[in-house]
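Read from first to last, the chains carry the letters A, B, C and D; within each, the first residue is number 1.
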Amino acid sequence: MVKVGIIGSTGYAGQNLVWLLSQHPYVSIDFLCSHNHANIPFSNVYPNYQGFIEKNCIDIQSGIARLSKIDILFIALPHGKSFDIVEKALKVGVKVIDLGADFRLNDPNVYKQWYGLDHIALNHLKSSVYGLPELYRSTITKASLVANPGCYPTATILALSPLLQESLIDFSSVIVDAKSGVSGAGRSANIPNLFCESNESIKAYGVGTHRHTPEIEQELSKVSGQDMIISFTPHLVPMNRGILATCYGSLTRHIDEKDLNQLYKDFYKNDNFIRILDSIPETKWVKGTNLCDIGLRIDNRTNRVIVVSAIDNLMKGASSQAVQNMNIMCGFDENEGLKLMAMAP
Amino acid sequence: MVKVGIIGSTGYAGQNLVWLLSQHPYVSIDFLCSHNHANIPFSNVYPNYQGFIEKNCIDIQSGIARLSKIDILFIALPHGKSFDIVEKALKVGVKVIDLGADFRLNDPNVYKQWYGLDHIALNHLKSSVYGLPELYRSTITKASLVANPGCYPTATILALSPLLQESLIDFSSVIVDAKSGVSGAGRSANIPNLFCESNESIKAYGVGTHRHTPEIEQELSKVSGQDMIISFTPHLVPMNRGILATCYGSLTRHIDEKDLNQLYKDFYKNDNFIRILDSIPETKWVKGTNLCDIGLRIDNRTNRVIVVSAIDNLMKGASSQAVQNMNIMCGFDENEGLKLMAMAP
Amino acid sequence: MVKVGIIGSTGYAGQNLVWLLSQHPYVSIDFLCSHNHANIPFSNVYPNYQGFIEKNCIDIQSGIARLSKIDILFIALPHGKSFDIVEKALKVGVKVIDLGADFRLNDPNVYKQWYGLDHIALNHLKSSVYGLPELYRSTITKASLVANPGCYPTATILALSPLLQESLIDFSSVIVDAKSGVSGAGRSANIPNLFCESNESIKAYGVGTHRHTPEIEQELSKVSGQDMIISFTPHLVPMNRGILATCYGSLTRHIDEKDLNQLYKDFYKNDNFIRILDSIPETKWVKGTNLCDIGLRIDNRTNRVIVVSAIDNLMKGASSQAVQNMNIMCGFDENEGLKLMAMAP
Amino acid sequence: MVKVGIIGSTGYAGQNLVWLLSQHPYVSIDFLCSHNHANIPFSNVYPNYQGFIEKNCIDIQSGIARLSKIDILFIALPHGKSFDIVEKALKVGVKVIDLGADFRLNDPNVYKQWYGLDHIALNHLKSSVYGLPELYRSTITKASLVANPGCYPTATILALSPLLQESLIDFSSVIVDAKSGVSGAGRSANIPNLFCESNESIKAYGVGTHRHTPEIEQELSKVSGQDMIISFTPHLVPMNRGILATCYGSLTRHIDEKDLNQLYKDFYKNDNFIRILDSIPETKWVKGTNLCDIGLRIDNRTNRVIVVSAIDNLMKGASSQAVQNMNIMCGFDENEGLKLMAMAP
């Protein structure tokens, strides 16, 4: 039985993590921290847990005081908030899975450039592992600090890695047009996220400036072996959950659709959570799961390949990927607690 | 291991039943019948099941031919379609859980009046049991044919039974104003259920004429011990799932809210799936679960009690209640395969 | 040309009022006040107005300073905020249409009881007129201060008045189960109104305690000639706009549906914005209009009548009704600027 | 007063055209044809028109028989259905605005290739004019047959024309990632368009094969002066209305964002319905209008320009653009009947 604590347990990703961990056969939750809801029953904040989770939320300091009682700490906080906590956890031998952005970018200068903050935990940054199991499974096994990937990066990197590894597309040609449900904006009370503001409309945002861009570029560069710069445009879609990433690249050589489909299947042959489809994915078929669905088309007219991937932003894009990482770090079956099918409709 | 077959497996309720049964630890699915999708992989109709369920759908005749290989048959067909199938199943000793309406009304004349059909399986009607475990658990244990309750009746009967058993309200005063998500209308292609027709609007329908009315009245009458006639008005709400039943009754004697709340808790003290809240329920907190949340208020100004219940129409209102019935019939733990929390948001 | 000012112009109702007034042939807008957006172009707050409305918002004090330049002042503020403004406007001979709640309840004790505030403009309260043109057209003609009705009261009073005037229902039997789109909650940034919190769910709220209850009772009592107490339960529906009020009453004598329909048509024969339907209304058919659709059914089984009314909460439930009142006060054609059909889908 | 007839008046675009024409000051509607709803009151099909439009729908043959009584015929039918009708109308001197696809592609071979049909009105194809007023205003003035543009082409061509005319982007680099509300799929009863199938999900469709592709290429080629081939990927978004087109191109020379913004403003300086924004557009701000909002960003990192345009697919993407064309053909003020602001929220 692994003992865990969660800091940031009442944000959308955090509470989804609680949903998963509370049902995991080998996990015991020691504490749930929430800045906004300290000393309130967790199931008052999220009544779906009534009758299932009886714990009160505690404040972050109280959580830190209990670090010695746990094996793994999950952090789901806004960027810039985890440096100190990570330091304290690692010091007492607690492994950390950070769902935030602070340890995803290897280069602290890039971090500063996009997040506007100095990185003040450089030693831990060096030893941190980017927690995308499909690419880094063996390293994650030995990691003490895992930086759980962002939602858009997860969908994008999984969609493009096979193409890049085979140098099948011009590395400078990559355009990623991504669409996310509103839960990606978090649970903070602000006007643009009100029902009446988001409903019945679609918009692009952060055009050319979204913070997931350098994260995507870092990882795609590692796969391709060259420094890559991409266009990334996120959009907000009036639905609760889901990310669809539509990725474009110019083919460097001829390949037919069937062979490319097979190449993807081969690339992910050891990965239970990737489904290579013949059709084009829809987000609803992966909702509430750790799955990433991928479909692709070759457009001979334009000599481009279009790869479309779909994930649940709060699951494979956050909480269930964190559990997948935990499973790997703890030597559990990677699927443990994650054998989830979407519920239709 | 119990072997089951499902007839009507590609409707919304039917496929949700497949979702549940495919994950049930003591169940093995023998066949999935679908009139519209025979000989097509089930996971082509519902791609969420890709990688999980590899069976093809078969036609109903092929399903009937396999009756001897199963222990329990689930039927999820429109009314009037199950008479013959039930007959054949029971004959070969297969127990039946019918999610349709054909065996819910004890009086065949009432069936004819509201459904416009002669009931042609009167002998089985007599032995059938109304599958609401909270009221009929012990009878369900021994049943061969269980009539799984309708979605609106489930929400309504659970909301009102404690009041009626205690004669706390005037039996002629009951008004039920219910609201359902669009999945309640099924998966048939017709214009009123198109996205653009249902979205951004609410309407009442079947005012005074909905077929769930006599089912509700039959069961409320049994609880109260008197023939009851109620007002029942269903509404269509632009959301996929969920039923909220707002029930009104005139108090026959004074009781304060706290005591009434306790009375409800006592009434359902052996029922794991009923949550008596201090607050007023919302459908989202029971989505994807077998739970029924109930909240109540006494309005001293009008001397009325207002009881609000929330269920997932496809789950406690159909498929998960069917599994609950199966668990009881098979002597399994009643919670088996049903320990489900709603996923937020 | 009538010169108007609007205080509270950037709330949902306020800006919808601007939408209407800016297109009204006989109106010139002098100023738009907004507490939160003072000195910002109105069309920055609502980009739909870009190219149409070039004014900056001004603060409330600046608006008050311009009272002498206008003929009519519209106020769309939370309750308790308009006492002082009304005083100042009336003093300089400016007529006022208050979309807030401060002048709707004739009895200041009832106001205090439900709103928790002392009413500090009692003299103006006495001379104020309840702005429901279908009931008070002639009085509105001469009014200096019109209290524009609440959204739920508008839908409910219009649905029930013909029945009450004819004493066709038991006055103590009235139950109103109402459903509103999320815009009814206003544009303030709070968590329950976030997209992910309101979407895909329905809930009741303010059961037995909603502040529109005494307003409804006051007006129904006037129509019926007796003090009436009703049950009123509002619900929140995941859609932007619309109110559906489902109203129940016990018939005091037999009447058939056709005759009752005719009685409603007669009652509203001079009212252009009331449509008495043969069918049951849906909110989408009145969206963006000043219409109130009414449909009714007699349920002989229960001896109850069910009347369903549909309005757009921001229009007939707020802004377009305010314009209708203005038209009457100014002697314009009552339909001026209000000949609006819903746009489908 | 111009007399018009509409064939295909009960589809989503057709009925929106009726909405517009019925309020147009210089238009009198002679007939409304509907294959599915002949001899039924138009306002039975769309109850929003109750009290406003009293006409019955007539069948298409009856409409054709009345051609001599009208000046302009609007056709809103599926492709392949208008050849014969156009022939008959033009023969008797009736001008035609075809909202369908049959006269948009100048090359009948391209038509055959993408639509799978022989074009059997080649003479009229030659004289037809592509009805995008911002590009072809003067030709439309004299046209007898106007091919009203498709919804995606309208949004795309308006977004890219200024760039192409100035050769600011590599013509082979154009990628258009477009998102549409569900009304774009029309009002036919099929399962993928059911509420529960479209709601809470996003998908790409017709990847590399959508029929609007050659239409976009034809028009972009005319503007650029070279044969262009583009990538075009449409997506389905869970909302009723709206198209957002996110367009990517590689810059051929340096230009800064401010200058490019000005270049767009200059390009469209005579076009009342184009709004060049500083921000990035959202579909809600153009809903229910003839507007096209355009915003743009230069991404110096990738040397790409991203242009985002937003229209209402049923309005500027269909019906209101048809009215704009009619205004031009008839010599009316181009804005007549089209001075529409979006209603928020």
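Please note the rule applied: contacts are C-beta pairs under 8 Å (C-beta built on N, C-alpha and C of every residue); 3 or more make two chains touch, one makes a residue touch a chain.
Just so you know, these numbers come straight off a predicted model, no measurement behind them.
Of all chains, the one whose Cα centroid sits at the greatest distance from that of subunit A is C. Superposition angle, subunit A onto subunit C, using Cα atoms only: 180 degrees, a multiple of 5 between 0 and 180.
Put simply, the C-alpha centre of subunit A and that of subunit C have 46 angstrom between them. Per-chain Cα centroids separate subunit C from subunit D by 37 Å. In this assembly, the C-alpha centroid of subunit B lies 39 Å from the C-alpha centroid of subunit C. Contacts with at least two other chains are made by residues 12, 183, 196-197, 199-200, 238-241, 282, 284, 345 of subunit C.
Of all the residues in subunit B, the ones that touch subunit D in their complex are 12, 182-183, 187, 189-191, 193-200, 238-240. Subunit D meets subunit A in the complex at residues 175, 177, 179, 196-197, 199-205, 207-208, 229-231, 233, 235, 237-242, 244, 246, 248, 280-284, 287, 297-299, 301-302, 304, 306, 308, 345. Subunit D contributes residues 12, 15-16, 19, 22-23, 46-52, 183, 200, 240-241, 275, 277, 279, 282, 284-286, 288-289, 293, 339, 341-345 to its touches with subunit C in the complex.
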